[in-house]
């Protein structure tokens, strides 16, 4: 075990590249997320955010570069190993198990948590937070409304009690009142020292809750630093977030 | 009356065999969307393993040979998953079908070139070939054992798929393999487990088929598996209860047409069976036990 | 022409997803459909586009009843849609995806096509340089735009959009607003749009319907968002309420 | 200036290889090799025919060979000289034993008959999707085979019907094969073909875009049956005799393997698949019959062909799960690479 | 060189393989060559092609062998593969001899060049009927299938016709399908017949026949089951298990002490060949017919050989002591051996040259006969 006196980089990427054939989706991105931190990853459509997250998770191959988690090189580790080590993900497009019920989805989400008490506590907690899931508990998840599915996807990745979660556009498709609940939840989780990597199109909200932020465009990082700095930088914001399709 | 009872029993046992195989096909289909055309060869492998063991050691006791057959079927099933089906896991359905077909050619020709095209005798437990007279019918032990085992296998599978994490993961992996991994489950193992179960069922069915036929040959699995495939779809592919029901219905249809058609057109039996199956499928495309919901733009 | 939904309901085992809803949209009009998650918006759209049968009530297009006529007939009568869970043909290119709709339109709705071309649509939605890419290779936001372009290629009288802005950042939303308005003016079609982005809804919609638990709870100009306390309660959070007021009134300090 | 439609260029590119092969074989090959060439071209016709329905609609079709059988039998029964019919099928129904048609009339009628049957069963099959549609096609195969095997008065049952005048000429088969390639490619690229492909990828989306999925499936099904039927007619005209066994699982699976191996979503795939499988098969057959290579006589090893054919299938699928040419036509892929 | 090429289009693999014999042919070629070949020292050269039980491939293989100089073609056991061969061979007057087929009508398809090595189905069925009547059986049930060429459909009817001709009675017909592994419906049907037939005649193939007898025995139905040559395989007996004792069949030959067949088997076994079943003997016999014809013709000209085969009279064969082709339209006249299953072994019980043989492909059907 390493000494714990300074904030450790929990997740560290070093010059990660992701390519799909000729398409260079991510070009040499290095970033880190420290324990207990909320880090926002922003960028317009096609910036490469999802590709990066998928690469961290190991479901999309990394062309070059390394990923370290808790000091260990996990570049080549399988997704399931990473989840067992404590990474949780709520992926783009929700990807709930449509042919399973809500209950079964949650149960699978918790399957890497050996402690039954924790599983039950978490389930209780998220069903309280998203009461619709309780109502639809035994319904096939595929028939849920879009927003309901999103709530399920977020709950599912938290069920196991991960050390870090990566949320890919968690507010997508949610009604404003639920979006607020999500950001409250993020703040709450942050207070409980859960580490979060947050991909959001809802830049203002994301930056309000984040400690630090990265701005991505065309596969490269254009900014990294305090979230508040990015929020105030009208320049950057309008250039990258505002003129996305200019080029 | 006695005659009828006897034929009903026959239908149950023929259906039971289809049902076992249909279950085995359905479980692989439900985790991988794979129509395993090589399933017949898994049966053949079980048979040849028994044959090889018997001719090498001379041991012909059922208590030894039966496990040998079942283990061989499980083994080959797992091996095939590993070397042949894993690489095409993400591929379109037709690709899996063709791979399975390729595998079946390889295995079949392996036996043809290295053993023989001719059938080879395999001893099976003597008592399976016996019969008891109960009341109105003469029941062959093999018929009772097979029907009972089919029921047990179904119950066990339903339990696994509904109640255990690995079962849930199997159903989930069918739709989104990567997502299963992203909740921390070793999805490879899950799929392997499905193949193991499927192999086990094939091994079981193989014992019964061989007990009836007395021999193994390279083509022995094709017919039963074809029927089982139809049975599985008839019942609702992916639904285990459906697979079993489909198996029994197909068994009943076959027996019915066998005894009901006058001998001048009895040769058309399979045409009648398949025509009736088609009618049922047109009436219920989702299969007998498959449920049809309106999904709108939602996914099942 | 007018698309009218009256007294429509839909039940799924145990769940009443849509309950006696009545609404309408005229040609050239942009109508918003909002409400909490699970309110029944998508279900309603599914019924209009005939992917679901209605359990009660009627849907009419002009003076024709069009409920339960099947998705193909609806598309031919001029109602096009996008999907909340994107449904592109993954192995076809962007151009081919659009062409599918365009060619059925050419067969059945030739008179409305006018100046509409696939190139122009792709330009309008900013996907022209992805034309030869397969749909499966696109980022989420791009796929959404392809869906919209494909729906438009039907030269619809009515366009149903299910969360078109999901996954888009603010500036992209703005572009989308511009594109939708422009297309509406150009084709004169009516638009029914579901979205959770309030600034988007309040900017593009002339009228808003609010659903909750399958029922219509409010309707009217965008200002209902501000004025109807029930809407605020069920749908908007604290901050969103503030935003909504801003969106309807304009920012507090005039710019 | 006249613009040549894209499909013509693409189809020409696709047809090039078979044409070259044919010319080489006819010029330099032996009698047996020319026969193999003919069978190759017939398989090509069958596989492209199969592609027209299966490749565009994405429904795995196990029933196509029944149309080969129907047309093959029809052509045989229509063209066998009356004298022979009197001895082998004297009691043929509909007075079929009492007249003989020429090869062209026989072919046309046979193909039309197959298409008519396709139209009738098509109404049922196109209503279904996915695996239940596949089972229906399988049922078709079994039913047609059972009828061919049992309707003894008409078909002589499992015994071969013989005496079909063998009127085939390699160039004619080649021309039909090329025409079929152009036809298949034209259909694939045509608006209905594109719409059908869309429905194969997302049924809900296609229907919501106004695509008449059932109609298009039916059209493709009947056209596909027609092309496969043409293959069947050429087959009997080549072999001169016919028996139901040729129209069952072996041929079904072989043609299916060719199509999927090459890439079922394109005509190029169909053609490449036939070439690869035929070449592989012939090479293996050569090794099987104890050839002398570098002065060494290899042992006879019957059964080798099947073994390796299976292995080739498994390996190629593992390496290229979407088939050798993928889901696009060769020319489309080339264009994408260069553009 | 001066070898005489014989081509064998063999069903080496596929479902017809048990009824052909690559090795039997090979062994006899070796023997002939060892004894000095033909025509005063020319060796026979055997070229084998596997037709994989596929009709089209049989034609291609025949063409290949003809291209390679084959003077005579040996062929697979069913007409679907034989006819395409014959069609190619006929214009060249190359004789085509099927090793295993018993189908009487085949030679008519390519008249003049087509031959069987075995007797025809009508002869074997007639012998079986004669034998059955001798045993005192009065009623018979026929089991018919449409799935195995002429054999499974015509043979039972030849039997029925002869049986009734000789005073027996056919009491019913039952259908069976190729590849069935559970015959319990049929067995239950037979068990329910009242009165039960004295015997069953069927034209099963391998291993269905064994399977049927095994299950009949297990169900307590011990009625003798008669069949012809496709029953003749030790594997059939082992498939039948305890049911093997029900088996009666008309076969091509029997390796009894002192017989030519036994000598051939022993010779071949010594050469390292494995004798699978009686088709091995037929394979040898086919070569012997060819050798005999070449010697008689005094030439390796196909047309001359063909003519010589057609004129064979009373030739001593491998499976039978006397074989005659003259004026028989390609189907040889030979006697039929009757064997029975006994403790897992075949046992010779009779040799019959049938007195009355039904005409090939007659329209006789049991339903037209007295009920």
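When the chains are written out, they are named A, B, C, D and E in that same order, and each has its own residue count from 1.
What we mean here is this: contacts are C-beta pairs under 8 Å (C-beta built on N, C-alpha and C of every residue); 3 or more make two chains touch, one makes a residue touch a chain.
Everything numeric here is computed off the predicted structure, so don't read it as measured data.
Novice: Name, by label, each chain that touches both members of the pair subunit A and subunit E.
Specialist: B
Novice: Counting C-beta pairs in contact, does C-D beat B-E or the other way around?
Specialist: B-E
Novice: Please identify which chain has its centre, taken as the mean of its CA atoms, farthest from the centre of subunit D.
Specialist: Checked the centroid distances; the maximum from subunit D is A.
Novice: Based only on mean CA positions, could you tell me how far subunit A sits from subunit C in angstrom?
Specialist: From the centre of subunit A to the centre of subunit C is 28 Å.
Novice: Can you compute the centre-to-centre distance for subunit C and subunit E, using the mean CA position of each chain? Integer Å is fine.
Specialist: Subunit C and subunit E have C-alpha centres separated by 75 Å.
Novice: Rounded to a whole Å, what is the gap between the Cα centroids of subunit D and subunit E?
Specialist: About 35 Å separates the centre of subunit D from that of subunit E.
Novice: Taking each chain's centre as the mean of its CA atoms, how far is subunit B from subunit C in angstrom?
Specialist: Taking the average C-alpha coordinate of subunit B and of subunit C, the gap between them is 48 Å.
Novice: Could you say which residues in subunit A touch two or more other chains, in rising order?
Specialist: 143-144 - these are the residues of subunit A that touch more than one other chain.
Novice: Please output the residue numbers of subunit B that touch at least 2 other chains, ranges allowed.
Specialist: Within subunit B, the residues that touch at least two other chains are 109, 112, 222, 267, 269-270, 293, 295, 297-299.
Novice: Indicate the residues of subunit C shared as contacts by at least two other chains.
Specialist: 12, 42-43, 51, 83-85, 87 - these are the residues of subunit C that touch more than one other chain.
Novice: Which chains are in touch, pair by pair?
Specialist: The complete list of chain pairs in contact reads A-B, A-C, B-C, B-D, B-E, C-D, D-E.
Novice: For the complex, which residues does subunit D have touching subunit C?
Specialist: 191, 194-195, 197-198, 201-202, 204-213, 265, 327, 336, 339
Novice: Please output the residues of subunit C touching subunit D within their complex, sorted ascending.
Specialist: 49, 51, 70-72, 74-76, 80-81, 83, 87-92, 96-97, 99-101, 103-108, 132, 150-151, 154
Novice: Note which residues of subunit D are touching subunit B in the complex, please.
Specialist: Against subunit B, the touching part of subunit D is residues 54, 58, 60, 124, 127-129, 131-132, 134-136, 138-139, 142-143, 146-147, 149-150, 204, 249, 253, 256-257, 260-261, 264, 301-307, 309-314, 317-319, 321-323.
Novice: Provide the residue numbers of subunit B that touch subunit E in the complex, in ascending order.
Specialist: Of all residues in subunit B, those touching subunit E are 3, 6-7, 10-11, 13-14, 17, 109, 112, 116-121, 129-131, 138, 140, 143, 209, 212-215, 217, 219-220, 222-224, 254-255, 258-259, 261, 263-264, 266-267, 269-270.
Novice: Taking the touch rule as given, give the residues of subunit A at its contact with subunit C in the complex, in rising order.
Specialist: 20, 23, 42, 44-47, 50, 92-93, 132, 136, 139, 143-148, 150-151, 169, 172-181, 201, 203, 238, 241-245
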